[in-house]
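The structure's right below; bear with me while I get my questions together.
Each chain gets a letter, A, B, C and D, in the order it is written, and its residues are counted from 1.
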Amino acid sequence: MSDERKLTYAQAFNEAVSQMMEADPDVFCAGEDIGAFGGVFGTFAGLQAKFGEKRVVDTPISEQAIVGLGVGASVTGLRPIVDLMFMDFICVAFDQIVNQAAKLKYMFGGDATLPMTITTAGGGGLSAAAQHSQSLEALLCHIPGLKVVMPSNPYDMKGLMISCIKENNPTVMIKHKRLLGMSAPVPTEAYGIPLGKGNIIRPGKDVTIVAYARMANEAISAAKELAEEGIDCEIIDPRTLQPLDTDLIIDSAKKTNRVVVAQEAVRFGGLGAEIASQIQELAFDYLDAPVSRIGAPFSPVPFSPALESQYIPDAKSIAKGVRDVMARR
Amino acid sequence: MDFSSAKQFDLHRRMVRIRLFEEAAGRLAEANKLPGFLHLYVGEEAVASGVCGALNDDDHITSTHRGHGHLVAKGGDFNRMMAELMGKSTGYCKGKGGSMHISDTSLGMLGANGIVGAGSPIAVGAAFANKYRGRGQVAVAFFGDGSTNIGAFHEAANMACALHLPIVFACENNEYGEFTPRDKTMAITDVVDRAAGYGMPGVIVDGMDVIAVHEAAVEAVERARQGGGPSMIEAKTYRFYNHHGVQNLGLKYRSDEEVAVWKLRDPIFTFEDRMIENGVATRANFDDIWAELRADIDNAIQFAEDSPYPTPDQITVNVYTSMTGAN
Amino acid sequence: MSDERKLTYAQAFNEAVSQMMEADPDVFCAGEDIGAFGGVFGTFAGLQAKFGEKRVVDTPISEQAIVGLGVGASVTGLRPIVDLMFMDFICVAFDQIVNQAAKLKYMFGGDATLPMTITTAGGGGLSAAAQHSQSLEALLCHIPGLKVVMPSNPYDMKGLMISCIKENNPTVMIKHKRLLGMSAPVPTEAYGIPLGKGNIIRPGKDVTIVAYARMANEAISAAKELAEEGIDCEIIDPRTLQPLDTDLIIDSAKKTNRVVVAQEAVRFGGLGAEIASQIQELAFDYLDAPVSRIGAPFSPVPFSPALESQYIPDAKSIAKGVRDVMARR
Amino acid sequence: MDFSSAKQFDLHRRMVRIRLFEEAAGRLAEANKLPGFLHLYVGEEAVASGVCGALNDDDHITSTHRGHGHLVAKGGDFNRMMAELMGKSTGYCKGKGGSMHISDTSLGMLGANGIVGAGSPIAVGAAFANKYRGRGQVAVAFFGDGSTNIGAFHEAANMACALHLPIVFACENNEYGEFTPRDKTMAITDVVDRAAGYGMPGVIVDGMDVIAVHEAAVEAVERARQGGGPSMIEAKTYRFYNHHGVQNLGLKYRSDEEVAVWKLRDPIFTFEDRMIENGVATRANFDDIWAELRADIDNAIQFAEDSPYPTPDQITVNVYTSMTGAN
């Protein structure tokens, strides 16, 4: 059975890019070290050998120009995939992302289409310290004009990446560095997962956990542990953070009446705040407890594994959050 | 190079169109009829005209905060431009962009830009696409002297050279960034000195002389079109009005003498004198042209004033393209 | 009475800078057009004439280097005030703000002190379109290491700006462009307003409005209108957004049981989401209605006054939000 | 210039300290004893040593992701460095920064930096402060060839020149940015060609020759100290190990021959030969020095291994300075 073929998260990304490049000659990739080297995380491995230097382009260390390349090439009709090695580097290219890519269409009164995908790698867990470990998705989700995707597993990675490439708006595909080696069955054919559609990873009745990227997997572990304690968790992975699948989240909240939102990012001002706010706005009368937010404490990501391991939320902290919410009456 | 009289009239017409549009916009702004900021191109007409006169319709340009001149030179429509400046729904950007984002992608004009330096990386992207498609199109990045101090310019120039793209970097050196003279913000006199650091050729031209600009542009554009890679043109020019708007905001950052000396070199009037001298045109020719284009401007103002404002339901329209791609 | 002397918001800023420059020779200012020209909004008017070119420095158009100048000069012992003309330009300097200024101290294990102030001007209402009208404070508040201040009136401006300059951490002082001409009594002496302390602008018993910067003034207008309808609003202006005066907000929420949070920024993912989340977390049992958020719709700021005037929240939209919350039972 | 034998021993010692520290770090990394990324400076020792040997203790430097060499050359303490690399609480950054943020502000070393190009604007700030205070201090920005393609570098170089600051831009041109050769990312061969575009002088030196680097550095630092403004030094050098870590990750992006040729020019061994040839030193001198410094490294490893990890309560400490300023 072909569905049983397994790919890693990194391979799923690679296959999505490869299949879309085969299907559409307007798709190209550009970024630092993505050519001969295949990207520092190997996610672009083999693509230059397959598609040539014209379509898989090594660039200078120039994040602003890399994103600008995507803006200019997409607005003149190509379908660029531009890579920013680490998510932290969105800060270097922030003007091109926020003030150009996201706004061009609107500022031009609609007279522009930007089918570009920005790919990057976020998250901690590699002792890469404060400038190579951040989860900055909340910054992007606040900017009208962008779509933001954070897959939690290989299947979603392939489907979402294909949808990003096909999408006629600027999307940001955030790979999680700690998921790159995660392996799971991935269909060989090209399939899309609609942007803006979340997924019920695990149905449950007692409490809803909304979690994305690596935290979705931590939520699965937490749910297993909690099941043994008799707590039946429903896990929702929004997959796309902008636009957010509010309906799916609200329906679940109305069913379980208790919600924990888990993110790896710093808790203050993170996407969890938006999700929690929406839930209390739209399901206020259904809530038996405040929506609880799990996230990193208010500090940069520390280097030492002794600190970082305690800094990043995990199954344990999610389980504790769920227990606290369940204890509330 | 020797240009045909038709070409000379073409360049002249582009300049006059810019001048008339900008002066009309200035008068409307003084009468409080234009919302927002307004950066006028008056004085610099020879640059946009000389360069865009060397381009095909399907070539691309990126622009700056001072973008009307570039759009006019690329063939922009007065009606839609004036309507945009007034924030009307019939404007180029349906009233959503205004002066600082005026654009017409069908003319290859990829937008004025409110962020100094941000247009150049976008031009690099357009140049990349042009090379990728191999249809011989070229991209031009217009930018000011002040913008060459910002990182985006640098990255764009270097990347264009590293990837050997068909692009021309066209610098409008008017010696000021807003109200601060060049010598306070850079230790060099000629912006073109930066070209060598990227590995591209560069030339300085008299930005008040449309023929000089045009000659340099033809050469640079042809080089790009033939696969010869990027190059830079630095046009020494001057803006006759203030950084934005018309008045000097009461504060003098340039001397009256300096302004007066530059005005003597008005790119349009000196060119008209030359065309008459060379027997290419008569004063009557020019009178006709100005009259015709003045009528166009009057019509455009009328069109814009008669046009409706966008309705509030339009606020959240055009944020996204709704359909997904073709595959 | 000297307390009756009036200053505009812009003048209050200017006086704070001037007095601190007099008091401390280590304080200097750098930015585009702030010297002879006094800044495009006039907020630095006269300072170069008074303190000389050494201490009031015109810079190239180089926002990354401007913030970097502040980082390097502060970490070596000066007390820089670096100006980014428009708040939208934080995007151009975002790496230096987010990855350098905010994190240096932490990454160095404490071995750095950065007493720098970044000043900028945010907000819409001038038909300045999508790249010159944004309210991006939420992006900054999500970044540990920064403090963020947004005064709503001349008195707060002077006191907060003095505190920013005295503060030994990187602060961002966000002036609102539409408040620059607002005039009010401002004491002549140098006084500070502690960072992190909010203000009850108007005490009330029926409903709490949390609003900052220009929205605080719109809330005052809304409250007047609502008072006539018999609704007694308590208005809280946090003044500092990071750190946020959570206690003040929660106490008020517990008292009034109903809260509206008003921001000028895009609603999705704005600071209002964090405030609303905290309120439902910490005052859940006191709430008679969901915390309501007023903010801009999900689009870039439009240029045309016909659109912008409807885009930016105002007294009317706040009043409507309050009525809706009051109607809820 | 002619340098005293003491100075030569001083430069030599700086290089050997770097070499020993880096090789020890490499071995520990291979044994999986160092968390995170590790960018080794081996091969490039002459650059940091030659430049820092021209600096006073209260001069400032900014560094890169490849920062250990710079800190060692500025006088960094092995114990605290090794502890930091291991993520221990006794490290320079209390385990919060690691290799990419190693720093000692008391030595004027303003941090390794994980963001390519980001150190240079910070050096400009330090140079500004030094000029402002007028105590004759100088700042040096170290940066790689690849980093000169990023906007922050450009803005820093231009601002330093515009404000005429006491700063030296020291480029380590090792011909690669990560795994991509220079000629794919820039169309020039010599980074120093960029200096003229900012209006500062620049020189190329043999980065494998510590005396050549030091001579250029003395001149540049003195120029800066005397008010002569910024200048650039481009040192042609090479890293003997991989971009990060020691191995080549299985992928060849440089030929064995290329690496071998550069290794023949080892900056330490060639310098030792020269010092012996010139009668400044004997082999025995060097044996003693290596032995002494090896012992220091062994002690440092011991110190680091014996040191405790930081405790979780330290996570939220050092985010802010808690007291406010003096006024």
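What to note about this one:
By definition in this document, contacts are C-beta pairs under 8 Å (C-beta built on N, C-alpha and C of every residue); 3 or more make two chains touch, one makes a residue touch a chain.
Fair warning: this is a prediction, and the values are worked out from it, not measured in the lab.
For chain C, the chain whose average C-alpha position is most distant is D. Note on interfaces A-B and B-C: more C-beta pairs are in contact across A-B. Taking each chain's centre as the mean of its C-alpha atoms, chain A lies 40 Å from chain B. Spacing of chain A relative to chain C, judged by their CA centroids, is 30 angstrom.
Spacing of chain B relative to chain C, judged by their CA centroids, is 36 angstrom. Averaging Cα coordinates per chain places chain B and chain D 45 Å apart. Across the assembly, chain D contributes residues 93, 95-97, 101, 113-115, 149-152, 155, 158-159, 162, 184-186, 319 that each touch 2 or more other chains. Shown for chain A are the residues that touch two or more other chains, namely 59-60, 62-64, 88-89, 91-92, 95, 99, 106-107, 129-131, 144-145, 298-300, 302-303. On chain A, the positions that touch chain D within their shared complex are 32-33, 35-38, 40, 58-64, 88-89, 91-92, 126-132, 297-300, 302-307, 310-311. Chain A contributes residues 20, 23-24, 28, 30, 54, 57, 59-60, 62-80, 95-96, 99-100, 104-115, 144-145, 147, 163, 165-169 to its touches with chain B in the complex.
Contacts from chain B toward chain D in the complex involve residues 149-155, 158-159, 161-162, 164, 184-188, 193-200, 229.
The touching residues of chain B, counted against chain C in their complex, run 35-37, 87-88, 93, 95-98, 100-101, 113-117, 146-147, 149-152, 177-180, 184-186, 251, 253, 309-312, 314-316, 319.
The part of chain D that touches chain C in the complex is made up of residues 60, 62, 91-97, 101, 103-106, 110-111, 113-115, 118, 120-130, 132-133, 139, 151-152, 155-156, 158-159, 162-163, 317-321, 323-327.
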